[in-house]
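This is the structure, below, for whatever I ask next.
Naming follows writing order (A, B, C and D), and every chain is counted from residue 1.
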Amino acid sequence: MNETKSVRKPGEASGLWLLKVLLGVLIIVLILVHLVVNHYIGEGALLTWEDVVEYYANPLVVFMEITFLIVVVAHSLIGTRSIILDLNPARGKMKIIDWLLIILGSVSVIYGIWLALTIASFSSS
Amino acid sequence: MKKPHVIIIGAGFTGAATAHDLALRGLDVTVVERGALVSGTSGRTHGLLHCGGRYCVKDQESAIECIEENLILRKIVPQVIEPNGGLFVALDESDVEYSKGWLEGCEACEIPYKPLTPQQTLEIEPYINPDLKIAYEVPDGTFDPLRIAMAFAATAKSNGAKFKLYTEVTELVIDNSGRVTGLKVWDRVTDERSELYADMVVNATGAWAGMIAEMAGANVPVIPTPGVMVAYDERFVNRAINRLCKPSDGDIVLPQRRMVVVGTTSFEVDDMDYIPVIEDQVELMLDRGSALIPGIRDVKERGVYMATRPLIGSGLTGRSAARTFKCFDHKESDGIDGFVTITGGKATTLRRMAEKTSDIVCQKLDIEMECKTAETPLISYRQYHAL
Amino acid sequence: MSNQVWMVTFRIFRKKGNLKPYFEDFQMEVKPGEYLLEAVERIWAFKDRSLTFAHACHHSTCGACGMRVNGKEKLTCITLIKDVVDDDGTVKVEPLRNFPVVSDLVVDMGNLFLNLESVGHHPVISVVEEPYQDGIAAGKGSEADYIRLSDCIECGMCISACPVATTTSTYLGPAALAGAMQASLNPDNGVLKLVDCADGVWRCHSAYECSEVCPSYVEPGRKIMQLRRKVMAERIKSIFRSNN
Amino acid sequence: MSTDTNKPAPSHWWKWFDPRKSDVGNWAFILNRITAIGLTVYLFVHLVVLYQLSQGPEAYNSFLELAKHPFIVLGELLVVVAAIYHGLNGIRVGLTTFSDTSSVQKAIFYVIALVAIVGSLIFAVRMFTA
């Protein structure tokens, strides 16, 4: 009954934790860039569908938004995983949860890319 | 053959050490303790690993026990000992006067010492009163009270001993022939009462030994003698600092973690379950302690506590009473078989008290097993919780 | 001051066996300058012999008497009653959180001790190994020769205060991670690898409650951060080593 | 003492948010966790809602009309406040991790709290007067 420490959960070692922190820093940077870019290109607010489409006409904007999406989804899902880890799930459950999070993240990113490209395509047509 | 079952009452130093000794000799041991481990006198001990210097003038038997056990404990349980040595410091002419007899005592008891000039003393312990006349370095040490008991208990457990804490003895079970065959206990964890059977019961309750003995109609002349200890919030020294004088109040200052602890006093009480802190004595500790280490006056008090020594009654009281221990076979003293009491003594001699008690227990049970505790290193105190 | 007497209600957490826990009030005259453990011991001595609580040294070297006092972890032997009595004259005393309750105020801290053991924390160390931040370092000269008891008194209060430990019993916890930091002074014992895991140094969420309640200068939160830097530095170093 | 040494303590997730007599560090953690959960929920709701963009101008613009409701604006403000706090506390955690500043973590918290409040007020004024 004394060997509890042999059942260490794999996962969030320095790598994942560091990634979360770096992504966090990146988010702050991207938000600041976003605010600045938004101010100059979008001229303040994106209050109509037309505004948004026009904004997305710039390929740099599309690239930036997609990057932002990936970074935010990754950070939030690693964070979610960290919160779930705090609930001390069994090793097997954690594996399932990991897969669910990976699927959720992939679907979100693919959907987001599709959405961004769709919006961008409105301006060229 | 079935192993004889020995129940030890009390998980203080003596109880834990006796459990270790008997378990090492292969006996089946159960310790019952009404409170937590070392929650009586033992936990509240000053923590001085005596070299014997304190007793070498008036009580050489105790002094010799101390220096011998000191060296053994350093070997078997270094995990809880600060082996930095100690100083006996003379602050005035009367201390210097006392030192003559003291040095003779050290020689007689084979306690090694090294004289230091005031300058040499202040070089190694700069916070000692700079007005000192002379100091002697001796092999004192300090130990952690709870953890030394845990180390003994852990090793006892690793050899099969069981510890039942929060289990209070309510009655001794005595058969028609006047033999103690077990005890009735109250488990304070579950609030349940039960009866335990034993081939031998060892009363290792220190200052409370008289009360337990009375349950069997036996008499133990133990005089509960409390004293105060005051902890101050700075570690001024690395060595145990003793005043070089006739043992009196507040003449020892010990380092412990980031504190120093000054002790102690000596008076007698009847009810020892709760000893109130006497504020005049706290004041006295500050006075006496700051005579040795003036800086004590400038730091905060961190804690105050009273510990009740079990002194063996012999007509003499307080500081004059011997600090040695005594093991009573109640068959001889009261005609009660199956019942042994160990009391008196001091923390430094816990192993030897256990050895003596275990010898008597084994002799009574007709078992021929040598004591091996002096050569057996104790396992990590933390294993107490693993076993 | 010294003659002043306060009537204080001690609201004590009680639990026996599998019975439902409850709070019991004990009214008692105390001196405001007394330490809380004195009052708890007096309740046992004079009011209710069934009360269980752990204690030993009564001066903060053993770590046995940590409890939650008005919801906050306190080492009761060095906590003055006047500092914890509420305005309505009550003090609520509960066992530490995040440990199984044995009975009343006694908890089972076995895991804490085993975790400290598993990371190789040394109970006695050279005085230079846990240096003083401020205050006086005792002695002079070859201080490295002096041995002293380590700062951590294994009281479990940091575990009780830790928000992560409330749900993650496998988390090594502040005390053991601080112990690992101490153990990592010896570079060859593999402790940095041991704590580089989800239950180790990366589980901490920087609430620093551990450092807040630590009665013994350990500052576990700070040690965890130091340990993180050490683990990261070790990882970076090992990348270069494997390339050679 | 007859207990199993390694019996886990009972787990209650809501105790993460137990304010006890918490010090600021614990409040920082509680707020961090609440904002984390809130922002994650918002992120995915936001992604779903933006589907309207792919459905052409009518769908999206009518949705934008709906979004002018004060409750929605208030919700958006909460998201902004949460983001500001979460980001700033992230900086605090990073600082105390990568440098030996955990002894001043409380002071850092007070600074970020002040910045967060000022920032939130600026956004509040802008959003409700726009």
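The definition used in the following text is that a contact is a pair of C-beta atoms (placed from the backbone, for glycine too) under 8 Å apart; a residue touches a chain by one contact, two chains touch by 3 or more.
All values derive from a computational prediction rather than experimental measurement.
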By Cα-centroid distance to the whole-protein Cα centroid, the innermost chain is C
Relative to chain D, chain with the most remote C-alpha centre: B
Interchain centroid distance [CA atoms averaged], chain B/chain C, Å: 26
Centroid of chain C to centroid of chain D, CA atoms only: how many Å? 31
Counting in whole Å, what is the centre-to-centre distance of chain A and chain D, each centre being its mean C-alpha position? 16
Rounded to a whole Å, what is the gap between the Cα centroids of chain A and chain B? 64
Going by the touch rule set out above, which residues of chain C reach two or more other chains? 102, 106, 110-111, 114, 167-170, 205, 228
Which parts of chain B, given as residue numbers and ranges, touch two or more other chains? 166, 189-190, 385-386
Could you list the positions in chain A whose residues touch two or more of the other chains? 2, 4, 86-88
Parts of chain C lying in touch with chain D, wherever the complex brings them together: 70-72, 97-100, 102, 106, 108, 110-111, 114, 161, 163, 165-170, 205-209, 211-212, 219, 221-222, 225-226, 228-229
Taking the touch rule as given, give the residues of chain C at its contact with chain B in the complex, in rising order. 2, 16-17, 34-35, 38, 41-42, 45-46, 49-50, 52-64, 77-78, 102-103, 106, 109-110, 113-114, 116-117, 123-124, 127, 132, 135-136, 138-141, 146-151, 153, 216-217
Touching residues (chain side chain D, partner chain A) in the complex: 4-6, 8, 11, 13, 16, 33, 36-37, 39-40, 43-44, 47, 50-51, 53-54, 56-57, 60-61, 64, 83, 87, 90-91, 93-94, 97, 130
Taking the complex as given, what residues does chain B use to touch chain C? 35-39, 42-44, 47, 78-84, 123-127, 144-147, 166, 168, 188-192, 229, 231, 234-238, 255-259, 261, 273-274, 276-277, 279, 295, 302-305, 380-386
Could you please specify the touching residues of chain C with respect to chain A in the complex? 111, 114-115, 118, 164, 167-170, 172, 196-200, 202-203, 205, 228, 231-232, 235
